[in-house]
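Two complexes come next, and they have one chain in common, chain A, joined by chain B in the first and chain C in the second.
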Partner chain A sequence: MTSAVLKCCPVDVTVNRSLSTGKLHRVELLLQTKLAPGTLDVLLSKSFLCAPAVGVSNMIAKLAKICTLRISPDKLNFILSDKLASGGVSMWCELEQENFFSEFQMEGISAANNEIYLELTSENLSRALKTAQNARALKIKLTNKHYPCLTVSIELLSVSSSSRIVTHDIPVKVIPRRLWKDLQEPTVPDSDVSIYLPVLKTMKSVVEKMKNISNHLIIEANLNGELNLKIETELVCVTTHFKDLGNPPLASENASQARNPEQMAEVHIDIRKLLQFLAGQQANPTKAVCNIVNNKIVHFDLLHEDVSLQYFIPALS
Partner chain B sequence: MPLLTQQIQDENDYSLVASLDNVRNLSTVLKAIHFREHATCFATKNGIKVTVENAKCVQANAFIQAGIFQEFTVQEESVTFRINLTVLLDCLSIFGSSPMPGTLTALRMCYQGYGYPLMLFLEEGGVVTVCKINTQEPEETLDFDFCSTNVVNKVILQSEGLREAFSELDMTSEVLQITMSPDKPYFRLSTFGNAGSSHLDYPKDSDLMESFHCNQTQVNRYKISLLKPSTKALVLSCKVSIRTDNRGFLSLQYMIRNEDGQICFVEYYCCPDEEVPESES
Partner chain C sequence: MKCLVTGGNVKVLGKAVHSLSRIGDELYLEPLEDGLSLRTVNSSRSAYACFLFAPLFFQQYQVATSGQDPLRCKILMKSFLSVFRSLAMLEKTVDKCCISLNGRSSRLVVQLHCKYGVRKTHNLSFQDCESLQAVFDPALCPHVLRAPARVLGEAVLPFPPALAEVTLGIGHGRRVILRSYQEEEADSTVKAMVTEMSIGEEDFQQLQAQEGVAITFCLKELRGLLSFAESANLSLSIHFDAPGRPAIFAIEDSLLNGHFVLATLSEPYPHSQDLRSPELCRPAPQLQAHSTPLLDDFANDDIDSYMIAMETTVGCEGSRALPSLSLPPGLQPPCSPGPHSEEEEDEDEPSTVPGTPPPKKFRSLFFGSILAPAHSPQGPRPVLAEDSEGEG
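Entry: the complex of A and B
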């Protein structure tokens, strides 16, 4: 596909006026565009709940400066591809479309490849959605204002009956088809040890202090429910021991039986990457698992109510 | 805390063992003297004194009496080592500087002796952190020879009375001039900055003035850059005693009440900057 030049169609909006006085602020999302070669024609039109969307966008903004938004009929994904460090996707965040939108329409490049990939500065999105925290309605559409934009229009509550509408234009880059292969859902590595994470707030304050002392951190865990965070410098060695965390049942039962439960699997990682991941976690997830492939990679798998997040930190060489 | 007891095999191996139910009773006081990276620690059976110095002109001492600790044993007459205070404070606050209400971090601190690291065992909610901080050759600390018999002037102030004055000191002034006198202006802080001079007077019958014992008019100047760090102690303290001796040396003693209501002291000594020219006094 040639570089995407967007030609915008007049947007056909049907504002959802079914708003009663209910507490949930319904939001309308509308995304429409047409690519010059006529390969992409998107129309999303749906309402969603503002508060969780603001939460997700804040989390993404903390995790990645620039991210990819993948739109498909069922799912939205925020993707961080870290080509330099690990040669793969380092963050994969997934939202079920129907948990956020009450109406949703899109058309991708073709019926077989019904997807849209956009690159955007995540902070722009979170800043735009921040306005929507107490909004009455919100629309998102893909527009072309000299360059492709995700246009977020927010209808704010006001004391008087007149409504105020705030519009944010977020510049986006439409990612051409040939680059999609770098943005596919990563395969979960076959881990040596899989363990439930401790309270993330405790973990975050520990890692924050460790970062003052060292750039590297060793994360190690075993099948006995023990997880250690370690730093070692010339000046000081600090180890924080978490225990009784529990281990989720491994996919390959045989592997876990063969492994000595006391034996640690460890990975040396960049402490800033771990802190970045932890800093993005405001609410405690319903499920949080850490998978360690000895000396290769650590994989965090978090499940929030409506969002799942996978985060990969490769071992330092 | 089974892990803690496991790792300390024999108490007698250690020249210093101290434990605390609330680590903040120690870390708060140490933060009050944290204006340089390194500190020297002296432990005797009475407690621990931690000393930080700068430019051979200012010295800060934090005293943590043995009674503050739930357990405190020193095997030798005195135990001395130098340590990186920044790292020590990061370790002591590893579970966060402002903990959730109702959770306390317990500390057990062990030092085996010269050449050994300082071991810290911290526990909060079943999570244990073990820190091994390498110690360094203790350096000789300054002796200010500040003797209470040589004290000429002394005032005790409620700290809140000085807090604002110190946080708003004109840092473009090189010196802070302290005037203490049995007559007006009694107690005056002056700065001489780019925007002009400023004088702040405390009348001796002010509510903030707990006690006022000035025998002789003294005007002394101190490098403001050396005194500014004492603001850290000031904000934590409830009372401050300000004394000068016959050489113009300054002693600031801060009384700090910890979360359990116990009292600790932090003390700053500072040399005067120069003789005040006659014409200005």
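Entry: the complex of A and C
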């Protein structure tokens, strides 16, 4: 196997290798070795990097109970694919590896398919990383301890000179290669309307109130910078209007010109799915766009400093 | 009985009630000469907790009004806890707290004297009860760990709140290891995250245990004691023995002490072989002779009836003893001179004698419930007989 070890930080290669060979564990699956072996050895040594990592894992834990972690030499992805179990919601969260890790080595199944796909309980990861909030160093490794684990090892800061080490073994399922095709980046649909989102906290408090009244929500927007959140029941109809939000320039000129700027595009969605998404957003993103495909799907595209998140909520039929 | 708690001590008392409430549903309140004792035991009798507040803790402490026998009582934990529910409120508004127990009214009266002359009176109904007394002796445990409660509090912080049991042991390089315990059945489908905390020896004030020893116990109860000890800035000592023997968690101060006795699992590690062999659980040799036949009488009962049977009442002369389980008279004397506590503790050991189905993984701790014989100069004597009045 050709080595696909990648280093982003200027760390001496040989030293690192010899150190790691002793520590790296190859995940050997019990059934067939054909599945997906891989090694991963990651060090988050700068403590200021831990905080955003904790934030990301917290957000993921709020969005999905079980998610897929895709590890490739330069990116980490948290994936929720649109299975029926999750109500058709899908998520694609992307982290640039070098923004988080001071040292990063991974080796996938082969040089051509240099990726590792793991399924894990997101709460475990978030809990494990929460311990690391004031850590001296954090190491993440793929290990085999009777079953494949993502081992998070944290050296804590303590008042005394002594060292305290916390290790979390997060059980993972290594996803075989034949299933990788279901876990690729979703294509962004051609939207009817694309609009910038208002402050997410405001939106969240609005949707929270609405959830008490209805299970469904209509999200509608136009090219005039207007976004409405609407619920309708037999007794009451509540609409919250957001104005002057602005529309990002559309990719295809034709579509925007053909469309009346006043005309709304709307999607009926499950209000809980929207709330789940909003509740996961602790920090306001630098950019937040909502793309609506009329009566089909709503796509949220958030860009944080180190993380990008795409979230798809399908229309209720 | 009447006692008066003032100032910050009200909150200390409240905190103690909070940590006791993590264990049992009933609170045993007993005024003793050396202080007020609050005790509880959990329903499966695998955990026992007691706080003893010295007379100096109170501004006024009176065990019994003249000419009266001291009373002891059992109350619902819920109702006592509700008095001290909000610790912030206690701290902010309550100036003093007066607890009185009066036989005539059959009420335990807790009065909170608050700011602005507000006085809250709680009349709690209670039951008479025997003295709840777990039998343990920290001095008999060969292994001791002692550390500031804060260190241990931080050590249990990474563990998920839902985690039931934790293994504490001494690992390589005399590092103290805390590890989440997983039941073996659990590894079939849903695997839980395993967390391990490793602390250097230097964080401990005392570490008297060799590498390799380990015990597994419930985390919830320890968390309760830790939160109390952390707020009082005390050190916690952990006394333990072989797996399966109770572990004692103790805090001590000039004004109060607290002891939590928790059952431990009889297997040290989840992946080790079955360690429930009788050799490991064998009681102390000198007691084996009489405890084994005793067990056989109970072997057909389930553990609960066994436990009830052990809630023994001691008559003043011990005359009610043993209609059916007559102990050979020659074996009784060794019980009386020494401290009774250790010996009774040993008697829970035979519950794993072959032939007895072990219905619980945690073996119940053993409580001789002793009706303190007020007239007996020698103090209580453990006698193993069925309590005719039931548990009350």
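Here, the second predicted complex is superposed on the first by the 264 of 317 C-alpha atoms of A that agree within 3 Å, B and C clash if a C-alpha of one lies under 4 Å from a C-alpha of the other, contacts with A are read in each partner's own complex, and residues count from 1 in each chain.
Here is the rule we use: a residue touches a chain if its C-beta (ideal position, glycine included) is under 8 Å from a C-beta of that chain, and two chains touch if they have at least 3 such contacts.
All values derive from a computational prediction rather than experimental measurement.
Looking at the shared chain after the overlay, A:T131 reaches chain C, while chain B stays out of its contact range. In the superposed model, A:K243 makes contact with chain B only, not with chain C. Judged by the touch definition given at the top, the superposed model places A:N212 against chain B, while chain C stays out of reach.
Legend: residue contacts after superposition of the two complexes on their common chain; A:H268 is shown touching neither chain B nor chain C. In the superposed model, A:Y147 makes contact with chain C only, not with chain B. Contact with chain C, but none with chain B, is seen for A:I165 once the two complexes are overlaid on the shared chain.
Partner chain A is touched in their complex by these residues of chain B: 3, 84, 86-87, 90-91, 93-96, 124-134. Chain A meets chain C in the complex at residues 121, 124, 127-128, 131, 145-147, 149, 158, 160-171.
Residue ranges of chain C in contact with chain A, taken from their complex: 154-155, 157-158, 160, 187, 191-203, 271.
Contacts from chain A toward chain B in the complex involve residues 198, 202, 205-206, 209-210, 212-213, 234-244.
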